[in-house]
Structure formats: C-alpha cells, structure tokens
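Have a look at the structure that comes next, please.
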Amino acid sequence: MNTARLEAFSDGVLAIVITIMVLELKIPHGAELSAIVPLLPVFLSYVLSFVYVGIYWNNHHHLLTFGTRATAREMWANMHLLFWLSLVPFATGWVGESHGSAMPAACYGFVMLMAAIAYKILQIQIISSSGRRDELRAALGRDVKGLISPVIYLAAIGLAFVMPMISYALYALVALMWIVPDRRLERVVGEKRAA
Amino acid sequence: MNTARLEAFSDGVLAIVITIMVLELKIPHGAELSAIVPLLPVFLSYVLSFVYVGIYWNNHHHLLTFGTRATAREMWANMHLLFWLSLVPFATGWVGESHGSAMPAACYGFVMLMAAIAYKILQIQIISSSGRRDELRAALGRDVKGLISPVIYLAAIGLAFVMPMISYALYALVALMWIVPDRRLERVVGEKRAA
Amino acid sequence: MNTARLEAFSDGVLAIVITIMVLELKIPHGAELSAIVPLLPVFLSYVLSFVYVGIYWNNHHHLLTFGTRATAREMWANMHLLFWLSLVPFATGWVGESHGSAMPAACYGFVMLMAAIAYKILQIQIISSSGRRDELRAALGRDVKGLISPVIYLAAIGLAFVMPMISYALYALVALMWIVPDRRLERVVGEKRAA
Amino acid sequence: MNTARLEAFSDGVLAIVITIMVLELKIPHGAELSAIVPLLPVFLSYVLSFVYVGIYWNNHHHLLTFGTRATAREMWANMHLLFWLSLVPFATGWVGESHGSAMPAACYGFVMLMAAIAYKILQIQIISSSGRRDELRAALGRDVKGLISPVIYLAAIGLAFVMPMISYALYALVALMWIVPDRRLERVVGEKRAA
C-alpha cells in the first residue's frame, strides 16, 4: 500500500520527463521538408532518451515490487534517481542542439552515469530492507549489465572529447543491452505470483 | 495488478500530451478580437488532436482490460504507441502554424499512421499473451475500422500534396468514425463483468 | 474499477492544467521589487483560476462516486469537460496580459460558461446511467448554483464590454459561491458510506 | 478510498511542479564548458527546490495516512498547500536568474514560509477531523521543526536585504533539518500497521 504512492509519484515524474522532452522539437516556422531536416538530430536524441526513460520505468517497475515498506531511505534513494532522470530532457536538448560537440555528448553520459549509480543505490536499499534479501540477491545474480553500463558510460564520456559519434554509438549500445527488461527479476516476480 | 502501473503510466503520458498541446495556443499580445483570429487554425488543430488522443485513451482503456500480465513485449509495444502519440503535439503545432502547406498536413497523417500501426501491434501482443485469445479475437471481428484507418491516412498523406484541406477532412472523418468507442470490446468487457 | 481510470486521467489533466498556468508567471529579468509589480494581475488571475480548477476537481470527485460504469457517453462527456478546462490556462494568461480590455474578460467568461455547460452535461449523463437516479436527483435538488452560474457568466461576458472589472468581480463571486463544495452530494456520499 | 484521489491529485501536482522547474535550465546555445557555467546557480537552486518538494511530498504522504475522510475543509487546506508549492518553480527560477539580489532571495523565503503555514493548517485540519486526534497529537509532540522553520524563513527574508547568501544558507539548513522525514509520524504509522 505504501509503495503504491511511491510508484504513482515516480510514474508521474517519469511520464512528465518523457513528454517534456518533446517540447525541444521546436515547431518549424517554414512548411517545407527542408524546415524539419535540422530537427533530425533533435529527433534522434529524443528517440534515444525516450528508450532510456522507458527502460528505467520498466526496471523500476520490477524492482519496486520487492520494496514493500517505503522507508525514508528508500524514498530518498528513489528521489535521488528521479532527480538525475529529471535532467535527461536538459541533456537531450543540448545533444539535439549541438550533437557534433564534445561537451553535450559528455554531459549526456554524465547524467546517464549518475542515473545508473542512483538506480544501483536504490536497488541496494530495496534489497537490504526487503525481507526476501537472499532471494532477490540470487535473482539479480552478478548483475552484469548493471556493472558494465557505468563502465561504458565512463568510456563514452572520455571518447566524447575524441569523437562524439562514438559516444552516441555507445549510449545506443547500452540502451539496446537494457531494452530487454530484467528477465531475472521478471522471473522471480512471476514465480512469486504463481506461488 | 501489474497492468495497473502500465495504465497509470500511459494515463500520465496521455494526460500530458493532451494538455501540452494547449501551450501552442500562444497568448495574443493584443486584446482585440482580431488578435485571436489567427489562432483559429491552431485552435481547430487542437480540437482535432484532443479528440484523437481521447479516442486512443478510450480504446486503450478497453484494450488493457484484457492484458493482464504486462510482459516485456506488451510494455514495449505500449511504449512504442506512447512514443508516436507523444509526437502529436509537434504535428498539431506545425499544422496550426502552416495549415495551408503540404508538409505539415502529410506529417500529421504520418504520425497518425504510425500511432495506428503501434496500436495494432499492441493489440496483437495483448491478444497473443491473453488467455482469452479466441474470445478477444471474436470480439474484435474483422476490425474493419482498424484496417480502414491506415488506408485513409495513407490517402490523406498523398492528397496533402494536392490539396491539404482534403487531408484534414479525411483526418476529421477518421476521428468521427472512431469517436464511438470499440463497442465490440465494450460488450465483451460488460459480459465479463456480468459473469 | 472502471471509473478509477476515468478519475485518474481526469486528475492528471487537472493537475497539469493547474500547474501549467504558473508558467505564465514569467520570471522577471530584473531583481527589484518593481520587476514583479507588473506580474500582479497575472498572479491574481492565476489565483482565481487555481480556485476554479480546484472547485471543478472537488465537485468532479463527488460526482464520479455516482458514475460506476464509465460508459462511452460518460467518457466523452468527461472529455468534453476536460477540453474546456484545458483552455483555462490560455484564458487566464490572456487576462493576465491584458486585464483592462474587454475581449480577454469576455473570453474568460466564455471558457467558464462552456465548462459549466460541460459539467452539467456530464452530471446528466451520470444521473441517467446511474442506478440510483432518483436518489441522486433528489440530492441535487433544484441545483440552484448550477443554474445561476451560467447566467452570471453570460452577464459578465456582456458587461466585459462595458467595464471589465465588473466581469472579474462576478467571476470571483461565482468562485466564492462554489468554494463550498456540493454539500448535497457530500451528504449523500456520507450516508451511502455509513449504510 | 476518498483520500486516495486527494493523494493522487497531490502527487500529480507535485510531480509536475518538480519537473517543470527543470525547464528553467535553458539549453545553452554554445557547446563549450563555458556555456553551462552560467547555469550553475540555476542548477543549485533547482537542487534545493527539488529537495524541498521531495520533503513536502514525503511528509504529506505520512500525514495523509491519518486523514481518512477527505472533508471539504481538508480538501481546501490541501489545495492551499498545493497553491504555494506551485509557486516554487517561479521563486526558484527567479533565484536562479538573479541569485545575488535581495528580492529573489526574500521571495523564495516568502513562498517557503507560506507553504510551511499551509502545511501546518492542513495538519491541524487532519488532526481535528481524524478520529485518532490524541494519538496523532502525541505523535507530533511539540513539533519543534514545524515551529522553528517559519522563524528561520522569517529571519532569512530579513537577512536577504543584508546578504542574500546567508538566506540561501538558511534555506539549505531547513532542508537538511527536514530531509529526515517525520520519524514521529512514521513510527505511529508503523505501529498502526503492526496492530
């Protein structure tokens, strides 16, 4: 019951984050095809961020089914995650505006890195306050994706100063890697329900 | 229980999409009647899109009562639908700004076409993962409206380059056709409840 | 169960409507007191509209406890109400920008008039589809406030062309009249719960 | 059941308030590091306000578990609180734009002061309408934080005209003081559940 409101609030913030990004797709003043060509990078960065927020929402959804007490620590860990995700529209907009430059590409990676760390902290909080600690830990296993992602983000941040396009390719790679939701958790949730 | 959060998130996104569009109705700097006359096409495109989002929300609502497991596939099919609907404010704003031109009229149709395809994909996902497959399939019947709409959108996209007003008339026609919610699903939902 | 999603969607739209209005309070570029003095009429129109949306949310809340089936007609009647309420930020912003002129004052009244009519239509739909028709009708009694408000709005629209301040005084009067929520419905809801 | 919708609406408004603030972080037109340096005060004021809204959401959440009837008075007390919180993005944006000046610093404190008073009023309403008056009153104890905060806000408003940075330090101090959620209420909620 308590987590319900945590979920509702998170859903609200994520829904707004995902929708606010589209405001960066400024309506062109011309009406020819050429008027929307410059919007293409903005559009592509929107697609990438849409997928990222979708992934977070999806995994968050699975994770919260384990956190049943909504303690103060869990709430703040969740707020911390929402904080970094709320910066995604800013990072996305900057990438859309100056995609060929180093700083926006690095900034995007930084926000994603911080969101990944915040998610990890939330995960640890929920595992430690959950009564089903061992089960959840086993379900997450070695959490390879959760460990590899920050490393890729760090690499992408560094490479942004060499060639921004490599960074974007890496961000897209991480997104692809995560687009399959956490099957481990999904399986446990499924078993829990079946039981 | 699981679909509840899917619905809540979708409702959030749709509520924001529908409300964000009104921001395109820029507050006039003058205070005479003539100051709001140029807003008329913006207003009309807002009305049309409001009705469209309303239709999607409505049918989505009926459709989701059948999808009870919120699998990864269903979630991503739903995200895909929300993605195209999130572009409705952009398409609407462009139409409002340059309604007499071909490209905005075609762009509006393209977004609507993609949303229709995304809805169809979601429908197929939910039918295939639902335990009540045959029943649902029977309820949807031949899904005439679902098959005709994309064809009309395609025609409207082509006709936009001949005469944009015909495209808008066609979009309005599809909206009228759908404004009556999917009675087939509604009937089945009703029977389900009665049982 | 069905109305739950209707309520959730309406809450989402109303929450966004009420919050989007604050965006009209443009952040001043100066930092002296004189920089925010011109914001006073914008602020006052925000307060008035905030109260209006609050009233609608409040009464909507009571009304929907009676509509338990969420038929297509109820859904569209509800959408129709949300449509007019979604125009409140526009009307409010215009009033804030040119409060001394006739048209914005009349426009505000027109939006309020249409919202009041839309609410009345929704009320009739819910009464007619509710199984507790007589009880609800009795509870609403002669609905004096619901009948007087449109008349005052009409008067205010007319008087806007004589002296806009009178219109604003009338809008404030209607708000005050409604700020006390529909005790009639509240009483019936209370009895229903007690039973 | 009744408070559920009050909570849902409040969550919606707070989620939008917290996310709308990020729109003040205008996307820089340059792509160098120097382009985002001027955004630092805007970012810091965003962090502070994010924490404040988080605190309110958190405490609101605990408080509402006690208010189970959603009377008209409670609803309006809640609306009143949301009104002042809806002004946080404005105050934050002004601080971000002119942080070295007295007026924005004082304005921020004023909005926080009014929100604190509104919260206190809501608390009193919920205590008085709750059937568990004595228990709740005992749980809140002397409410030292609730009494000290307005005093600090008042001091900060005054000191803004001497040295704005002191005001900001005081706002940060109050946030730190509250970041630990109301353990008193949390304890009682916990016991209530255990019982």
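Couple of notes before you dig in:
To keep things simple, chains are lettered A, B, C and D as they appear, and every chain counts its residues starting from 1.
FYI, a residue touches a chain if its C-beta (ideal position, glycine included) is under 8 Å from a C-beta of that chain, and two chains touch if they have at least 3 such contacts.
A quick note: this is a predicted structure, and the numbers were derived from the prediction, not measured.
For the pair subunit A and subunit D, the fraction of shared interface numbers is less than half, so the two copies use mostly different residues to meet.
Put simply, subunit A has to spin 90° for its C-alpha atoms to lie on subunit B, with the angle rounded to a multiple of 5. When every chain is reduced to the mean of its CA atoms, the largest separation from subunit C belongs to A.
One simple way to say how far apart two chains are is to compare their mean CA positions; for subunit C and subunit D this gives 26 Å.
Taking each chain's centre as the average of its CA atoms, subunit A and subunit C sit 37 Å apart. Taken residue by residue, subunit C touches two or more other chains at 8, 12, 15-16, 20, 23, whereas all remaining positions touch fewer.
Those residues of subunit D that touch subunit A in the complex are listed here as 7-8, 11-12, 14-16, 18-20, 22-23, 25, 27-33, 35-36, 47, 50, 54, 57-58, 61, 179-181, 183, 186. Interface residues of subunit B facing subunit A in the complex, by the touch rule stated above, are 5, 8-9, 12-13, 15-17, 20, 23-24, 72, 75-76, 79, 82-83, 86-87, 89-90, 93-94, 97-98, 100-104, 107.
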